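Labels for the chains are A, B, C and D, by order of writing; each one numbers its residues from 1.
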Amino acid sequence: MMIEALIAVALVGALVTFVAPNRVAGKLAFAISLVPVALSLWLFTAFDGSGNALLDGTLAFESHYEWIQLGEYTISWFVGLDGISLPLVVLTTILTSLAIMSSWTPIDERESQFYGLVLFIEASLIGVFAALDFFLWFIFWEAVLIPMYLLIGIWGGPRRKYAAIKFFVYTNVASLLMFGAFIALVFGLGDAVTSFALPEVTDAMLNGGPEGFFGLEGTTLASVVFVALFIGFAVKVPVVPFHTWLPDAHVEAPTPASVLLAGVLLKMGTYALLRFNFTMFPDQVEAYAVPIAAIAVISVIYGAMLALAQTDLKRIVAYSSVSSMGYVILGLIAYTQFGVGGATFQMVSHGLISGLMFMAVGVIYNATHTRLVTDMSGIADRMPVAVGILVAGAFGYMGLPLMSGFAAEYFIFFGAFGADFAYAPLFTGLAMFGIVLVAGYLLFALQRTVFGPYRLETDYEVSRAPLHDLAPMFVLLGLIIALGVAPDLIFEMITDAVDPILEGGDL
Amino acid sequence: MEGAFSYAPAIAAFPLVAFVVALAFGKWLPKKGAIPGIAATAASLLFSLWMLVAVASGETYHETLYEWTAGEAASEVGADGIAFSFGLLIDPLSALMLVIVSLVAFLVHVFSLGYMNAEGETGLPRYYAGLGLFTFSMLAFVYADNLLMAFMFFELVGLCSYLLIGFWFRTRSAPSAAKKAFLVTRFGDYFFLIGVVAIAATFGTLQFAGDQSFVAAAETAIDDGATLFGFDAETWVTITGLLVLGGVLGKSAQFPFHTWLPDAMEGPTTVSALIHAATMVAAGVYLVARMFGYYALSPTALAIIAFVGGFTALFAATMGVVKDDIKQVLAYSTISQYGYMMLGLGVGGYVAGVFHLMNHAFFKALLFLGAGAVIILMHHEQDMWKMGGLKDKAPVTYWTFLAGALALAGIIPFSGFWSKDEILYDAIIVGLEEPVILAAYAMGLVAVFFTGFYTFRMVFLTFHGEPRSEAAEDPHPVGWSVKFPLIVLGLLALVAGVANLAPVAKLANVDITFLEHWLDGEYGAIEGLTYGAYGELLAYETGVIGTEQQTVLIAAGLSLLLAFSGAGLAWKLYNAPEPVAHKERLGSAGTVVEDNYYQDEYQVWLAEGVTLPLARVADRFDQTVIDGLVNGVSSASLFSSSWVKRIQTGIVTNYAALIVAGFVALLLGLGLYGGWF
Amino acid sequence: MAIYELPQWAALGPALLLAATALMLFLFDSISPRSTNRSLLAGTAAAGSLASLAVAVWFTAAGVGTPTAEGGRGVIDPTHGFVVDQLALYFMIVVAIVTALIVVASYDYLVDHAYQAEYYSLVILAATGMSLMAAADSLVTIFIALELASLPSYALVAILKDNRGSVEAGLKYFLIGALSSAIFVYGISLVYGATGHLELSAIAEVITDGEADPYGGLLGLGLLMLIGGVAFKTASVPFHFWAPEAYEGAPAPISAFLSSASKAAGFVIAFRIFTEAFPLGEIGAVIGFDWTVAFIVLAIVTMTLGNFAAATQDNVKRMLAYSSIGHAGYALIGLAGLTVDGGELVMGAAMMHLLVYGFMNTGAFLFVALAEHWGVGRTFEDYNGLSAQAPVACAAMAVFLFSLAGIPPFGGFFSKYFLFVGAIEAAAANMAMLVVAAALVVNSALSLYYYSRLVKALWIEEPPATRDRLAQPTGIYAAIVVAAVMTIVILPGFGPVVDAAIGAAEAVVG
Amino acid sequence: MIGVEYYVLLSMAVFSIGLVGVLTRRNALTFLMSVELMLNAANINLIAFAFYHGNLTGQVFALFTMALAAAEVAVGLGIILVLYRNFRDIDVTVPTTMRW
């Protein structure tokens, strides 16, 4: 029942915050959000699961109730955690709390609604990572859209309406495609499955696979579904060329929304890829390895190139997310322990680092009210600490050793280099060039904005950032370094959940 | 002595603590964090000496202290698990290097008291924190026992250089130089990282030493004639070795990655001293020495190392000739000197290379700190043409600087001569068999001349002649904290050569090549990491001119001759009361050299003339084509929507008509489908 | 449950209760014609519809219509021409719910309106007709019930006599309605000609026995004309033309009534006629094609046209009107997806959708009623920033809109995605259903766009400077809040809905 | 004895006439009449078929239809009345305030 408690606290908290007066909403929401943090940390310590949730591993905190009987198919409330989902849940709760605190400064209207929505997102995200029944999972998956749409739309920047609707519709279309594909797969599996529970579907896929549907051969159907699912998730990740909603959404979103968007929402896509494509379709993964690896490399390099061309700090970080997610895809397609495990590790790591970056940029924006590289210079002179953290975050993004980013990327590279598919070392080498480009655009941006002689046209004096803006970033920095120095904090449980995937479920 | 090693981690830990203290509390400390830094480096120095003694007493230390992570990974040679760990490897080489690093770091800290504090700089906590982190990273790198750990701290060293070079971030140039330093070295590290990954994926281990080391694994693989990633073992070893070499070239500022180093002079001179003498730049060469066994397996890689080294030595030396900024001259001399070390290692002169690394650490630190002193004297003027006549006004600075200069120029009996001569000797004896090496040797030899020239040009312009500016008229005095390090290093520059008087040994047939014995593990070493062991791996033929003695004499004589002639020419041209520039005599060649052979230009062009426009094109493509497609879909559907709703004309009779029409259409359609007509 | 004590005819209880309520209202009106005792009238109407709802629910719970095999009481034939099975009860429930909601809302909407009693009695009368449509199983009773539902609706749409929009709407609705019913009756006559019967089961027998084979053309034409009549009631292409104007011009509660209850009633007769009278397969043998083909075409065209036309509306009510055409298209999948051997999943999904639609769409129109009550205007711009002044109502509206768009965690999600599931399942037998599924995807994406446009207006846009504070009419608020709460809680409580709907579907198919 | 097909033809003719009227006439009353024609076409069918099939269902239904038609006319006339009051015209093509 712990997971239900987790979700319930967030939901109730959301409702409470909605009706709370604006003055106290921020503090209240933060206080409430500490409960999920505590709970999830307790889950983390009390975690007793092993193996992969979809491949009859033993789930932690499982609970399973029948919900709806749809024809011969059962839909049930089915949640549980394994080594892959638990770290992401913890990431979610922590990032939410920090995001809430980091929005005390920038959010100055309709606070109660704002914080309510943030808590609502938290609830949905936890659900996404914990749900093990397709319908339940899909409900949470879609439920994230509404609050994010409103967060961007109401508290966003000048082009917020365009960005919000683009994000909303684009990702929803992808979800529909993915949904249809998966349903077709379930029907294709015929009598092998009698519910939408993911473990059952996975089991059916690994033992026998689909019999075929609307006239398609079983294997053909599997391939079609694989591709459709991949596209559906690729939009969320996002993978080039389905990425164009991301920069708009990020640039327009308020800082905390960006933090959650980059920190956790993108991980939904990669998480789903791992859970569906890379767990249920080992044969297709093998068959499509080379094209997917190519896509990954393109995402890394192309995304970095785009970031290089930007002058808006947030846009730079946004495009760099595209690049970083490319690494995740590379790690997944490597289909080795370090590859897939590293990809999962990168989900967490990138969540922390990009969250830190967006917070730092946000803090600077709060003071300068501009994000354009060309508008400012030498900010370090006025806000040394904030800039210090920004620089630290930037180096974390560049994969500086002893920070989580390096661990993640190194795992991925190592895992991908020894992967089985053709030209794996070549693809890896190409993708690794991202570490040079990322250094390029981040250092360029730093040099031009925070260093050099102080220059900024304002009619007021730029002052140091308040403590409650800095505190969350220190926490994140601490976590990043902790994971960089001791990746086994989570990497062990991740690999424990990843191994069954690679063994195709037969343990 | 066994107990000693259990304290080894402290060597790196002290500076780390100093870093934290300075960063957190430096603002409130006296001297803004200098004290903890000095204390920490002093402690590190003592412990390092202790390690040295311990090794001398025959002990070595190779221990895995902390497992970073481990997992399954089917490696190319079969091992199906791999552990990435942090461990210490203390053998003669690393023990020696520990002492060098901690000594120089200590002296630099002390010097900083005079150079930074006394000059009333701001942001000192940041400065000392940077120094602390820098020292920590370098020390940890030095006694890392595996390639991944080495890479990690290698990167951290890069970070520290970025922070310290960009110390004066309020200027325009410093941040730019810092960025350049990090980017260029990062570019090298890109290859390094591929190399690390490749080696790990190939051999399933990254250990430097022991039977479990990748070196051993590579050796067996070559003996078994295994095929790795589709190449035969030796080729693959060469490839991976060269990939790792990328990082080395970047950090040690070898051609073509040398461009960042002169710009790095934007940092405080003390930082330059640290970077050039003992930490960042040294790290590259040290890495080659550290995994020398691996390179020894691949003659191709070694030859490339040697050639690049020789070329860089000459190439940089020529550029040093025409610089007016005292620090610039030193910068190019650094590049050139590391070229020598690469040459030495490339020809298998493991001892020679390390020997020169050591000597260079001392005299280059000396020269930079001397230059720093001069800069203090000159009220932060760096143009040598504005100096002159400091000889009498600052005797300590002068004599110590002179010692360093003599060592750099390789004038007997100063330390530089012995090591450089040994490198050239090792080069020629191999060169007699291998034309490529011979070419490398020739370049190295010619470079000696230029070295002598620019060194003494610098000395004469700075200290001799008449003062050429009022700053030079009455220099700013320097305190003990400046003089003390100079004196220490000055002495070392003079006597350090004693460590390995190879020529003397060969000629007089006396056994005084202590360093060689040291590195050959006569006092204690780890299996396979000795000069002897490397020697067996090496595939080089060596030859002699006449007898060995004659060869020694010829080699030494040649280099001395060139050094002296270079120095002499400088004396003739610049040792005048009112020296004048002679660049125009060089003509067009001079301008080419002054512009550093347009190296920066083409690299900047690569960055800003190629990559950036490419990025812009990609951005435009993204905005127009890809995003345009997305927006196109929506606008298309909205357009069709505005068109569709027009059929609702509002006139009810039209509705009736449309209903009937629609009904008839349905009727006909289904009728045809059902085959009514 | 003491149901056997009740006579057979009592099975029609829900409809009869509504009829009684209507008569009571007439009685009241004839006693005191000028009275405008709103609370009494609205109260009676609400009570009547709630009673009808309660009875219908009770019967369902008591197992009326559930096959005796499953421990139910089996189908009940109250009287000739009517049948009370799960399908009937299910739609009686839907109708009763919508009626109750809009009656409560009308309490405020009709402030200082002259013809209170007429209004309520007409509403209840129409509701009676719809409730009877649910139970009618003979073309005669179906036609009569349909007219009983239609004629009051015409009057209701035009009841704002001095409002040009209302009158125009009434006229168009009536004219198209008259035309459609003419076509419908003619279709009936042709079917009668071909089979000689008007009871659906009897028609089915004739067709199965092959006695109608010589009259294939006649039967086919009649069948299409019946489809036409149904299409009118459900506002499906090509008989949808009345809908936008009628919904836009009518008083908002009536728009809600028509677009939810009337549509549902239309669908129930569609489900009944085509599944019971024209068994798939046999009918194909007679007239050359299965009527599912027709509904596949209609479904695709209807949903596409409805959503595309809605996308660029400026008038909120008209947008909702078109969207309700689109939803008719979705519900048609329930018929299009049927196959010879079953299809209760897809038809059940359509029924679920109609039930949820009864809450969310009614609620949406009632919000428009609220806006008209405030007099803020009709266009999206006029709605800008209402959330600042009426957060509760606007939150409810957001719920309705997202639910209409099929976004969780709201009821609309399940029904819509089950339709999607059903369509895909049906595609196994009939590839054309894949096109339907694709159309569903495209359209729901588009619908997302225009629904969120309204959310944007309400929540994102800045309110105009000049707008005095808004009243909070109890009735409308109550109705809206109830509808919103139901829309939300129906998601976790969807299990029973699914069982009821699928049971109802099984009553007629398979 | 006239075959049923003739009645069917007749009813179809009447139906078509009504339909044409609906499509062409703009006067609301004429429109209404045309609809009545179509309804009566249906009645002809019903009665003819009832005779043909030999059961009375059709005839009974025809009676219902007439009654309903009357009710329909009543409602229709009421609407046309208010139409006239609001638009000063009973041309069905005049009210076009709502379109698109």
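Annotations for the structure displayed:
Heads up, the rule we're going with is that contacts are C-beta pairs under 8 Å (C-beta built on N, C-alpha and C of every residue); 3 or more make two chains touch, one makes a residue touch a chain.
Every value quoted in this text rests on a predicted model; they were computed, and no experiment measured them.
The interface with the greater number of C-beta contacts, when C-D is set against B-C, is C-D.
Here the chain at the heart of the structure, going by C-alpha means, is A. Measuring from the averaged C-alpha position of subunit C to that of subunit D gives a distance of 26 Å.
In whole angstrom, the spacing between the mean C-alpha positions of subunit B and subunit C is 78.
The distance from the centre of subunit B to the centre of subunit D, each centre being the mean of the chain's C-alpha atoms, comes to 98 Å.
For this pair, subunit A with subunit B, the centres built from the Cα atoms lie 37 Å apart.
Counting partner chains per residue, subunit A shows two or more touched chains at residues 169.
Among the residues of subunit C, those touching two or more other chains are numbered 171-172, 175, 179, 183, 244-245, 449. Of all residues in subunit B, those touching 2 or more other chains are 634, 645, 648, 650, 652, 656, listed in ascending order.
Contact annotation for chain pairs lists A-B, A-C, B-C, B-D, C-D, with touch applied as defined. Subunit C meets subunit B in the complex at residues 171-172, 175-176, 179-180, 183, 217, 220-221, 224, 227-228, 237-239, 241-242, 244-245, 287-289, 293-294, 297-298, 305, 308-313, 322, 446, 449. Remark: subunit B residues 67-69, 71-76, 148, 151-153, 155-156, 159, 166, 169-172, 174-176, 178-179, 182-183, 186-187, 190, 193-194, 197-198, 200-201, 229, 607, 611-612, 614-616, 618-619, 622, 626-627, 630, 634 touch subunit A in the complex. On subunit A, the positions that touch subunit B within their shared complex are 166, 169-170, 241, 244-245, 302, 305-306, 308-310, 336-338, 341, 378, 380-381, 395, 398, 400-402, 406-407, 410-411, 413-415, 417-418, 425, 428-429, 432-433, 435-436, 439-440, 443-444, 446-447, 450-454, 486-488, 491-492, 495, 499.
Put simply, subunit B touches subunit D in their complex at residues 645-646, 648-653, 656-657, 660.
Looking at the complex, you find that subunit C touches subunit D at residues 139-140, 143-144, 147, 151, 154-155, 158, 161-162, 164-165, 167-172, 174-175, 178-179, 181-183, 185-186, 188-190, 192-193, 196-198, 244-245, 248-249, 318.
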